[in-house]
Amino acid sequence: MTLLIATDITVNAGADCLVDPVSITLPMGQAVTVLGESGSGKSLLAQAILGTLPKGLVASGQLRVGLDAFDPSQPQGNRALWGRRIAVLPQEPWLALDPLMRGLEQVAEVHDLVAADTNPQARARSDLATLGLEHAERRFPWQLSGGMAQRLAFAAARAGGAAITVADEPTKGLDADRRDAVLALLRHGLQAGGLLTITHDLALAAGLGGEILVMQGGTVVERGPAAQILGAPEHPYTRVLIASDPGRWPRRAPAPKGPALLEAKGLTVARAGVPLFRPVDFSLSRGQILGVSGPSGCGKSSLGDALLGLMPHQGSLLRGPEVPKLGFQKLWQDPPAAFPARITLGTGLNDLILRHAIDRSRIAPLLNRLKLSADLLDRLPSAVSGGELQRIALLRALLLDPVLLFADEPTSRLDPVTQKETIALMTAIAAEHEMAIVIVSHDTSLLHASSDRVITLTPA
Amino acid sequence: MNTVLRALSFRLIQAGGVALVVGVMSFLMMQAMPGDMAYRIAAARYGYDLVSADLADAVRAELRLEAGPFAQFLRWMGDLAQLDMGRSLVSGQPVWQEIAHQLGASLQLAAAAMGLSMLIGPPLGIFAGLHPGGWFDRVLLVVAAGFRAVPQFLLGLVLIVVLAVQLRLLPAAGHGSLAHFVLPALTLALGLAAASARIARDAMAAVAASPHYAFARAKGLTEAQILRRHGLRNIAAPLVTYLGLQFVMLAEGVVVVETIFGWPGIGHALIHAVFHRDVPMVQGTALVMGLGFVLLNAVVDLIVRHIDPREVQA
Amino acid sequence: MTASRLGWGLLVALICFALLAPLGDPLGPFRQSLTKALSGAEAAAPFGYDHLGRSMFSRLAHALRLSLLLAFAATATAAAIGIAFGALASWRAGWIDRALSLLADSMLALPALLMVLMMGVILSSTPLAFWAGLAAVQWIEFFRLTRSAARSHLASPAAVAATLQGFGPIWIFRRILWPEIGPMLRTTIAFGVANSIAAIAALGFVSVGMRAPTPELGLMMVELLPSWREAPFALLQPVLACFTLLLALNLIAGARK
Amino acid sequence: MRRSLALLLLSAALTPGVALGDTAALDVAAPFEIKSPDPVLSGDIFLKMDVMETLVNADANGGLLPGLSDVWTVSDNKLVWRFNIRQGVQFHDGSVLTADAAAMALNWSRTKEGILVRAPISGITAEAEEVVITLTEPFAALPAFLAEYRTGILAPAAYAADGSVTAVIGTGAFKVTRLEPPMTLEAGRFDAYWGGPAKIPAVRYTSVTRAETRALMAESGDAELVVNLDPASVTRLQAVEGLTVQAVSMPRVLLLKMNTGSPFFDTVAERQALSLAIDRAGLAQAVLRYPAAASQMFPPALGGWHDAALPPLVYDIEAAKAAFAASGWLPGVDGILEQDGQRFEVELLTYPDRPELPLTAAVLEQFFREVGIAVTINSTNSSEIPAKHAAGTLQLALLARNFGLVPDPVGTLMQDYAPTGDWGAMGWDNTEFTATVRKMAAEGGSDADKGALAATLHAEMPILPIAWYQQTAAISNTVKGIVIDPYERTFGLKSAEFAE
């Protein structure tokens, strides 16, 4: 049985065509996954089908859900689908739940108002029980863990009885464990319906199976069964995309061990007197890269702050004698947050040059080395892409001749291809400048591919 | 529960701070008081026609003004510590009684105005906030700015002339019957509604643009259901906080309306007390208004905490 | 944005009138000729005469000068104090923060009217009392705004990065904090000035503000109010001036990004 | 204060002070605020509302009439006065007015800076049906003093042990049913009133400070009687159907007080020159809006004191300049008069309680600048005038003075001009004048005496009269019998009635 047929869906902004004609067929019990990077048009495609395109964008094509036809260019008509025929999973479930409504009610109201069930409370209770959410009935969303919120949102989205589930980037910013949980959840939904997933996450796509469409620049460059696309990609872009999976990165050649820069013994960080993670031992010399992994909230960032001297630590931490005053620098997870938001990047760099009497002629070669165009410096941080901004942050740090760079999830907000380029550049620069890097990531394969040594923090 | 206790203890500390500030201000006032305080009080008591040097001397002796400002200040503060606000220097009535009557009248008027404004402002604001940038939103912005810019006495006069003098629907001024409430309350309410409409509009626009509002749509609820179940409760917290603040601003803004409509009130009392250098009255009024503010805020805190149990950042 | 531009246009027009009108004015705000009381416009007095035969044109210009000057001075003072204290409280934290916050919270509890009236007793000069009283009321808003903005921005990665790069607090204030709170301050200042002007006029109207014969908007209204049926245009002038001024400021403050 | 603040706020908010308006009541709106139930503070309102009465009454010309005392006598040595108390008078609480009760009320008034402290009284006692007042020296104005509101008679039950007044229990035609200072007084007909019950069932007094509001209340029919209209409203209300506007000349005078001890005003010539610089007619028309320019000290309302034969005060700016020049005041380079290097710069003190005063001051400032006098206006609290008078630092003051506080102006004259007083002459001492006033106070005086005093003031000008006041009121045509009394003692409520 075919749940949904979308034929020749396009998205236009005025005369610009943002998505070239795409057709999708979603059979019962099957997953269709649209794979691509930001700007590839994959989200617009989903929005065109749902009828949620932003103002100014117009869709065209034909849409058939079950036996009923809908016109994507008249999105008001699509509203009847929401909840009843198509369940939309929110991107960040903890934000999508009403913060002032208790868990059970968020699900029960859909049974009541959308599905017109006679006993909505009981139905909702059994939904929650199925997902192991008995404890969430009386709780507010902000009292739930991320995973619980995700399951609650899943239950609420599907309570209207929709057979089709649309999930837009359901694993954005999740670590491997959580990603697996989401995968299980989506597969659970697959038992009684169809699933359309929009993602850049190769592991998720592999796990869901079914059909995969690879999009680049608004065009589907390759489509086919999951095993075929992931196993034997044909289009060059698909190959680049698949090669950007950290699991497929080449292993780094170990750096020579020099004099120690940092020597940690029994090191931990305490908050309100309670240690965050079990004490760790490591030593680090110039040119080396240390990977740090661990579950979320175990104090990875705090460890970095302790290394940088921004936070007190417990245990012993010895710094090399020759470390200059501004020798320890940091890269942040969210690149725009690391720059003053209201001044241009050039102004900030100029202030830095004046402050420390840095030779201005060093900037041009560095821009070149980091593959950055000089006119980016005239822009505000918000007008520069995340990958470029992270490289400018690297440039900013390099101007101060650091001996250690603490990189806190430096690529978790970047697309896979950009992530690969950025990490490669960082490691190369570390070798050139004899700089040590401490890199924090939730992605262990990334760490293993790019570090000399990986330590894993375990909660105390 | 302990967050409630923490909030209440914060309000208690604030109450202490209020008493302290009032005390210091009163002391400064006493210090700044020119030497002819006795004359001023005599003028207030007996009328300007009757003030004479003899009367001033009698007042000075009666109130022990010779002791100097510092001694008086200590005396007043001492009384206050025993919860005695003393007597008005002018009328001789207990400050307590005078405040109770006048504040009561102000509060009645303020409550009526608030009630009326809440029927006008928030509904308009919510409607505009549901369609931000639409024609209604833009018209409301200008109309609200206009109403906030109209001097209240002018609005009051226009209302009197139209509704009382021309149409003879309502009494022009005075105090005592329900009908007397309508015009002054309406005068105040129009300005208040202009302000609360904006707050409601901004809160509604923010909530309507939030991911959870979009998710409610995705769940299949209709717009009316979403507004009722996910909109109103979420805008209630900022709105209630603002209305609490507005109530206090109202208590002082009411003074102009009070004089126009011949309404007894705290603003009126305060102006007289300050003008006549009736220090216990000024002190008592300031203290009661300040503590009233603290109390009101404590109540607002509790209501907001009930609506939105998330830990509010101080 | 058009509402905001309209607001700026009105404000600039009023300021120009207030500054320029007295330059070419032969009569001045005090010269009276009783025989011309409430009579209409003529070359020497383009807006007619008030109940004492004084030039409305001249009085209006001087009243606007006074209101604008007092309101801007009070708000500027309040902003300076509030921002300085707010930055100090969030920078130094600890007991300084707690003491300043308690002071602000306590003063916030006192109604503005009370503050201005009490200042009127402590300071003998009325304009000075307005300035001090309104500043004493308004600094709290700037303090709270700066403090909360500073608290979030001082903990932001950008501020930490600046510290790691060897920048001091002044750079952080100038490059990170100020550009963030600046736009918010525009709104707060516009509201502050509007509220000050309204307060000055309201107190003038209840006869506890500026004293006759000083030209002041509220006082002019109350003086001309008795003749509102004989000479509605005379009364309308200060009313319109006040309304336009407040409307301009409200439009500026209320403009949305 | 034992209850908590929270309780206060709640109870104040919930007090049902809300009752539907009683249309059967006659509404009076006036600017005066009720301060307390004590006649010494607010007796004027109780007297006018016919709630409280005095031993002696006065007619519209200031002539004395029997009040709660039907007849009074004075001993041959003029030191013992006997006031016979009217029989059959009841207080509102049902108790009977006795000489004891009256004496008690007067004695309490005496302890409270009432007017009686100004009379040379040695004792007030009750003997049978008479209140006996003994004096230390003869004092003819005593009955007039007993007509003043501060000597109003309340029942013994109205006084607490310390003499403070807790309730208004008078003998008037209306009995207080609600008293809420500072705004409201409501009173219902007192059926046991000795003069026969009033025709109107109830009266209500509302204090409304803004003149514009009062005028609107008259126009909208809210209040049947509105007193103290502002000048601009008078013209308008005259055109309103269903209203009658009454204006009555009253014994209140707008005065310019000068320090005759200062070098600016120490000669009669200088004071006359200053008087010539004032355009009284123009000022009265612009500020007061009625033709009330003072041509001499006493207005026509003060029969016997006003002398139509006196040459009226005139406005002549050139004569004023010439007179100043003759006195040695010559214009300096900037036009300001100078004498021996001293510039003619003075401070003019006034107060805003009466809105016309600062305005008048502004007008005077312009008049005086014309002749070369630089005036700085200081509009401040009224009490600054007696305070600066006492300190000797006063230069010029603008004030409004009522000669009818006591129906006999001699009381005011004694306070203000025999020889000086807080609200009268400053640094002026005319022994003959003083002697005459004192004699009149003790023994009473003839019209010739009064005329002589008025002539002296007119000639020596210790103070400059500017304008005479008028009492204005708007009366609804639905009521009959309202009286506008120049002495502000009554509205005539007890005999008024609704038309139809």
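Should a chain be cited, it is by its letter among A, B, C and D, assigned in written order, with residues numbered from 1 in that chain.
The criterion applied here is as follows: a contact is a pair of C-beta atoms (placed from the backbone, for glycine too) under 8 Å apart; a residue touches a chain by one contact, two chains touch by 3 or more.
Since this is a predicted model, take the numbers as computed values, not measurements.
Q: Determine, using the mean of C-alpha atoms as each chain's centre, which chain is farthest from chain D.
A: Farthest from chain D by mean C-alpha position: A.
Q: Which chain's mean C-alpha position is nearest the mean C-alpha position of the whole protein set?
A: The most central chain here turns out to be B.
Q: Using mean CA coordinates as chain centres, what's the chain A-chain B distance in Å?
A: It comes to 50 Å between the two C-alpha centres.
Q: With chain centres defined as C-alpha means, what is the inter-centre distance between chain C and chain D in Å?
A: Taking the mean C-alpha position of each chain, the two centres sit 42 Å apart.
Q: Determine the centre-to-centre distance between chain B and chain C, using the mean Cα coordinates as centres, and give it in whole Å.
A: Taking the average C-alpha coordinate of chain B and of chain C, the gap between them is 21 Å.
Q: Could you work out how far the Cα centre of chain A sits from that of chain D, in whole Å?
A: The answer is 86 Å.
Q: For chain D, write out the residues touching at least two other chains, lowest number first.
A: Correct list: 212.
Q: Any chance you could list the residues of chain B touching two or more other chains?
A: 157, 259, 275, 291
Q: Using the touch definition from the top, which residues of chain C touch two or more other chains?
A: Where chain C meets two or more other chains at a single residue, that happens at 225, 228.
Q: Using the touch rule from the top of the page, what pairs of chains touch, sorted by label?
A: Result for touching pairs of chains: A-B, A-C, B-C, B-D, C-D.
Q: With touch defined as at the start, can you tell me which chain C residues reach chain A in the complex?
A: Touching chain A: residues 156-158, 160-167, 171, 175-176, 179-180 of chain C.
Q: Using the touch definition up top, name the residues of chain D that touch chain C in the complex.
A: 211-212, 230-233, 235-236, 279, 282-283, 285-287, 352, 355, 358-359, 361-363, 365-366, 377, 379
Q: Write out the stretch or stretches of chain B touching chain D in their complex.
A: Touch residues, chain B against chain D: 36, 39-40, 42-43, 45-46, 48-56, 58, 83-85, 90-94, 96, 98-101, 103-105, 107-108, 111, 157, 160-161, 164-165, 168, 171-181, 259-264, 268-269, 272, 275, 288, 291-292, 295.
Q: Spell out the part of chain B that touches chain C in their complex, as residue ranges.
A: Against chain C, chain B makes touches at 13-14, 17-18, 20-22, 25, 28-29, 31-33, 138, 141-142, 144-146, 148-154, 157, 198, 248-249, 251-253, 255-256, 259, 267, 270-271, 274-275, 277, 282, 285-286, 289-291, 293-294, 297.
Q: Taking the complex as given, what residues does chain C use to touch chain D?
A: Per the stated touch rule, the residues are 30-32, 34-35, 37, 51-53, 207, 211-213, 223, 225-230.
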